[in-house]
Each structure stands twice: as structure tokens, then as C-alpha cells.
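What follows is a pair of complexes built around subunit A, which joins subunit B in one and subunit C in the other.
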Partner chain A sequence: MNSNKPAYNNRLGLKGWVYAGKYTFERYLYLGHRLTGMGLIAYMLLHIIETANRMRGVEAWEELMGLFASWPFKIIEYLLFAAAVFHALNGVRLLMTELGFFLGKPKEPVYPYSSSIKRHRPLTYIIMALAGLIIILGGSSLFFP
Partner chain B sequence: MRETRLWSWHLLVIPIIIVLLGAHFAVMHYAPVFYGVSVEKAREFETMIERGKSITQFVLYILLLAAALYHGLYGLRGIIRELPMSPALGKIVDMSIIGLGLFIFAFGTYVTWWTFSFKIGG
Partner chain C sequence: MSDKTITPREITFRVRRFDPDVDSAPHWSEYRQHVHDGMTVLEALHQLKAEQEPTLSWRSSCRMGVCGSCGMFVNELPMLACQTQVLHLGTDVVTIAPLPNYDNVKDLVPDLAPLIEKHASVKPYIIYLDQIEIDEPTGEFIQTPDQREEFSQFTHCIKCGLCLAACPTVATDPLFLGPQALAQAYRYTADNRDCGMKDRIEAIDIFHGPYQCHLAGACSQACPKGVDPAFGIQLLKRALVLDNIGFGKKKSSVAKVMPLADVVKAIDEFAPPPRTVVK
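On to the complex of A and B.
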């Protein structure tokens, strides 16, 4: 028998990214952070290639910008903006967590338990509300020029 | 140690991205708010060249290019490397991502240089 094989296979693979049991708010933020991160890097790679169109001259550039001024692209651009705002603000929250800010002092595990995540949560709500506000305001100049 | 260093850079470049991407969105997205020009005007060929001919813009674009590429590709590498794979395949993933990053960085730098050295009217 292979001794490396676990007796119980609890590996969830890709499925574990989306759901692995009773999830907290932060776990959904993690999913959002990952999806927006992947979206942003995919966009960025295409963006460098797409903006290189300027080397093909004025007409090629204006044609491309004309395309981006159409409704479907405006909506895509707004989604990208929203993804960037969410990723950035949640990222700032992650940085603070990783550096140990706003988690409170470690305490004896006495009932009723208070976890560092719970102590951190008011800040999480404030940051997410701020992200929501910026995302809502950010649409104004794009859709109502 | 090497992994810790790579991860530290992933986090250390974040302030650069926040400032420069914030400014980039201000120019491209909030042009009517911050510059009093329409979004379309901000993205015209002439306006773009005008922007790109400034040395400050030239340096800042390359800085944003480097910082966001590093942060994004390191993040992507982390996501891919979480999947089960042999050490040999892991190496191939790392090398491909480094290759892609260097290629896009070189290409983006060239395009930014092209804009910077663009001769208006000629």
C-alpha cells in the first residue's frame, strides 16, 4: 500500500475555490479577490497589445477608440473598473491583516469566543461600503458624459 | 528565503500600483471630473502623444507596467501552482510566466518609447 496516500481524501480541487462548507463573508471576498485578480491580469496583457495599435497610426487608433466608445465596451470597461476598485480596496484590507493591524490582541479561548476575524469585521464592512460607493460614483462620468 | 523575497515584492509594489493605476483611471475614466475634458478627448491620438512625450509620463508608464505585471503575474503563478503538479511541471509554469512577463515588459517599454520619441508632423 502507498503510505503517502491519505486514508480520507479531502481534496476539493477547483470546487474548493467556490464552496467548501459553511462560508464566512471573508471567504467570499477571497473568491472575489482571486477572480478580479485573474480578470485584471488577463485584461492587462491584452491592454498592452491593444494600446500598441497606436504604432499603426492615427486612423487605426481612432477606429479602436471608436469601438471602445460603443455600449458593449463601455459596460465591459465599467466592469473592469469595478473589479479594480474591489481588488484594490480588499487588497488594502488583506495587507493590513497580513501586517497584523486591526486584529486585536490574542486572547484566551474562553467562551463566548472572539476571533480576530470577528474583531476585524467592522473594518471589512467599512472598506466594502467604500468600494461600493466608489464603484457607483465611478459610472457617472462614463455613462453620463 | 527566495519565495519569501518574491512574495514580499508582490506586496511591496502595491503602493506604486495604487498611486499610478489611480492616476491612470483619473486620466482615462474620470477625465471630465479631474481635467474638464470628455473621456473621448482624453483618449484621442493627439492627446495620447502629447501625454507620452513628457518624460514624467514615460517613466511612470514603465513603472506601472513593471509593477502591475510583476504583481499580477506573481499572483497568477501562485494560483496555478496551487493546483497539483509535479516539480518539473511547476518549473515549466514558472519559466513560462517569467518568459511572458519579460516579453510583455519589453514590448510595452518599446511602445512607450515609440510614443516618447514620436515626431509630431513628420
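On to the complex of A and C.
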């Protein structure tokens, strides 16, 4: 290549991080794990600001609590709960795989190739089903106490 | 695969073009071409270049999935052009772009330098502490079939770079070592002849190291050789954890050197597997 011009920056950036496209289920879990992680960090900051309102006196606190009892906030609270459940259970899956569990053993690749991702997919489905069940049960107790 | 998808027919190729001498940004060009059953994307590109677009550039060599040169982003997935049959893609429009997450040199040519630099940074070679034995070998390093099986899968890497193009972490973190280098770090760390974990830790146990991987599995999906780099990264994480808590591979567990005379005596122990085809 004789050109002295710089190459084109072809890094996907945020789009490559967010858009899972034709990749497998685990790629979507990756996205969900990171989004819920960021959501939980954002909540932690908001929670500190929210509880700091107690310093403004009982009336201000009660007023704020009344606001949080409204439906829009109940829905936000439920989404937060769902994010926490998903992140925690998917985190357990990641911890187990990081320690080498449920991935099988390395073996000579023979076509059609099998991957550790496929081998631990039953665990993935079980954990996601469990997360779904907890989220549904949590929703019923939150909205229909 | 339905009959429709393997019927020879006209296919529209949407090819991303970029010439740094002329263009400030890439653009898409479309070409119609007759495709026959069994024709690979690489063959289609050769035909396109011969008949319609002589300036079209890409990189390829062996055309049999060994050299790893012809990695491209075909229909939004990283693939080797020589191993991908056009009609098996099942679409009437085939989009071909250069591998993402690498700089684009021209048309379909990515700059694979970061891949090679990251690969080199993890010390992808056997590190043996006994320099005298290396300089003046007295025998052979012994490795049983089971010991080889622990890392054999990862030796099949052809450095095509598809895994880095697929990795969502590499997309946003250019310093992330990536699936290829990390899987190769595991390949050498797991080798019983290697005692380089301590040396290698400096390069891999870093912020942009294996813990940035959250098992998206895209690298393993993209790998054309069944290397399963995501698996290598998870095993590397385990090796690092074990090393950090003091249960890592000890120096005493490295391969013994067997004098050549003893190798001949022990030949039965390392005999090849039984014949599978009867004469």
C-alpha cells in the first residue's frame, strides 16, 4: 500500500457494545448484565441523594416517601428490582464459569465444533428461568400485596 | 437448507469501499453477480474483481481456511471469506465489509497490527527457567497425551482476528487484550513445559485483561477453527485466581527432562493410539 493517508477508524464503539445483532443468547446476556450494572450504580447514587433528604426534616421526608408510593415510581422500583435480580443471578453464572465450572474440558476441535458456550447453555437457561420466576413473583407481591 | 437457497442465481453484493487517497469515509457499492452452488465469498470477490471492479482490494492467501488472511464482515458476522459459501448465507443481498474494530486500510483490508501486538505482549512461547538445559539440552521434555489435551484446542488459532472483530468489549475498549491473546496466554500457561506464569502475569493480570470479559461468547461463535477463545479466557481467569491464592502451578510440577536413552526405553508408554483402519 503506497498511500500515506491514514487508515479509516473502523472501531464499532458503543454501537458494537449495544447492538448484539446475529450473535447468540449469551451476547444479549452480556448486554443485559452491563446495562443493569450501570443502572444499579446510577440507582446507588440517586439513593444517596434521596436519603439525604431526611436532613431537610420530617415533612420533606414524608412528602418524598408519598411521591415514591405513586404508580410511576412503583414501576421504576419494579424495574430496579428486576435489574437487581437479573444482575445477581447472571453474576452467579459468570462467577461459576470464571472458575471453570460447567464449561466442560478442553478437547481437540473436530468439525462441527462444540463450544463451552453451548456446553454451559443448560445452566444459562436454568438461571434465566429462575431469574424470570423471581421477577414475576416479586412483581405480584409489589403490585398486588 | 432449503432448495431455494442452493439454486444458482443472481446475488447482489453490497461491498464497502474505501480508498484513503480519494475517500474521507467509506461508501457502499453494489454489484450483481451470478453465483453457483459451492461458490465461496472469496471466489465471488475474485470474479467481481476480474469482471466488474478491478480496483477492489482485500487480503487473502491460502483459500482453504488455514492462513487466516481473508477475514471479513459478511452479513454482519465476522467470517473467513474462503470458508463461507455465498448460497449458504441464504440471502439475495450479501453485504461484505472489512472486519470491524480494526483500522480500515483500504476496501476490505483491515490493519491487523493490534492483533499481533497484543498476541506478542502475552509472551506466547514456552518459558523454561533452566537456561542451561535450554542452551545445552540433555534430553526431551516429557508430555503425556492428557497433558497435551489440556491446551491442544487453543493451538489451532490461525490469528485471523475474527474474534476481536466479534468482541463487544474490544469495540469500546481498544486496550482490552482480547480473546485471541488471552486464549494464547492460557495455551502457554497450561503447557506443562512452561514455567512462565509469573512473567506472563505482568502482561495479563491488568485492568484491560481477562476480567473485562463477561462471556458474551461472540468470539467463540466467530472462531472458524473451533478454538473457543471464550473458554480459554475463563480457564485463564481460573488459573489466575488459583495463582493468586497460592494454588497455582508450582515450579516442581513442570516437565521433566528425560535423557534420550530413557526416551527409547519409555517408548511403549508414549506409543501412538491403536490403528483405526485395518489393513
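Couple of notes before you dig in:
Following the convention adopted for this analysis, the second predicted complex is superposed on the first by the 133 of 145 C-alpha atoms of A that agree within 3 Å, B and C clash if a C-alpha of one lies under 4 Å from a C-alpha of the other, contacts with A are read in each partner's own complex, and residues count from 1 in each chain.
FYI, a residue touches a chain if its C-beta (ideal position, glycine included) is under 8 Å from a C-beta of that chain, and two chains touch if they have at least 3 such contacts.
Here the structure is a predicted model, which is why all the values come from computation and not from measurement.
Touch criterion met: A:110 reaches subunit C, while subunit B stays clear of it. In the superposition on chain A, A:8 makes contact with subunit C only, while subunit B stays out of contact range. More subunit A residues lie in contact with C than with the other chain of the pair subunit B and subunit C. Looking at the shared chain after the overlay, A:72 reaches neither subunit B nor subunit C. When the two complexes are overlaid on their common chain A, residue A:34 makes contact with subunit B and with subunit C alike. Touch criterion met: A:48 reaches subunit B, while subunit C stays clear of it. In the superposed pair of complexes, A:81 makes contact with subunit B only, with no contact to subunit C. In the superposition on chain A, contact is made by A:98 with both subunit B and subunit C. In the superposition on chain A, contact is made by A:22 with subunit C only, not with subunit B. Residues 11, 13-14, 34, 98 of subunit A contact both subunit B in one complex and subunit C in the other.
Of all residues in subunit C, those touching subunit A in their complex are 18-21, 25-26, 75-77, 98-106, 109-111, 149-154, 156, 166, 168-172, 174, 190, 214-218, 220-221, 223, 225-228, 230-231, 234-235, 237-238, 241.
Taken in their complex, subunit B has these residues touching subunit A: 11, 14, 17-18, 21, 25, 29-33, 38-40, 43-45, 48-49, 65, 68-69, 72-73, 75-76, 79, 83-84, 100, 104, 107-108, 111, 114-115.
Listing the residues of subunit A that touch subunit B in their complex gives 11, 13-14, 34, 37-38, 40-41, 44-45, 48-49, 51-52, 54-55, 58, 61-62, 65, 68-69, 77, 81, 84, 88, 91-92, 95, 98, 138, 141-142, 145.
Residues 1, 3, 5-17, 20-24, 26-27, 29-31, 33-34, 94, 97-100, 103-111, 113-117 of subunit A are the ones that touch subunit C when the two sit in their complex.
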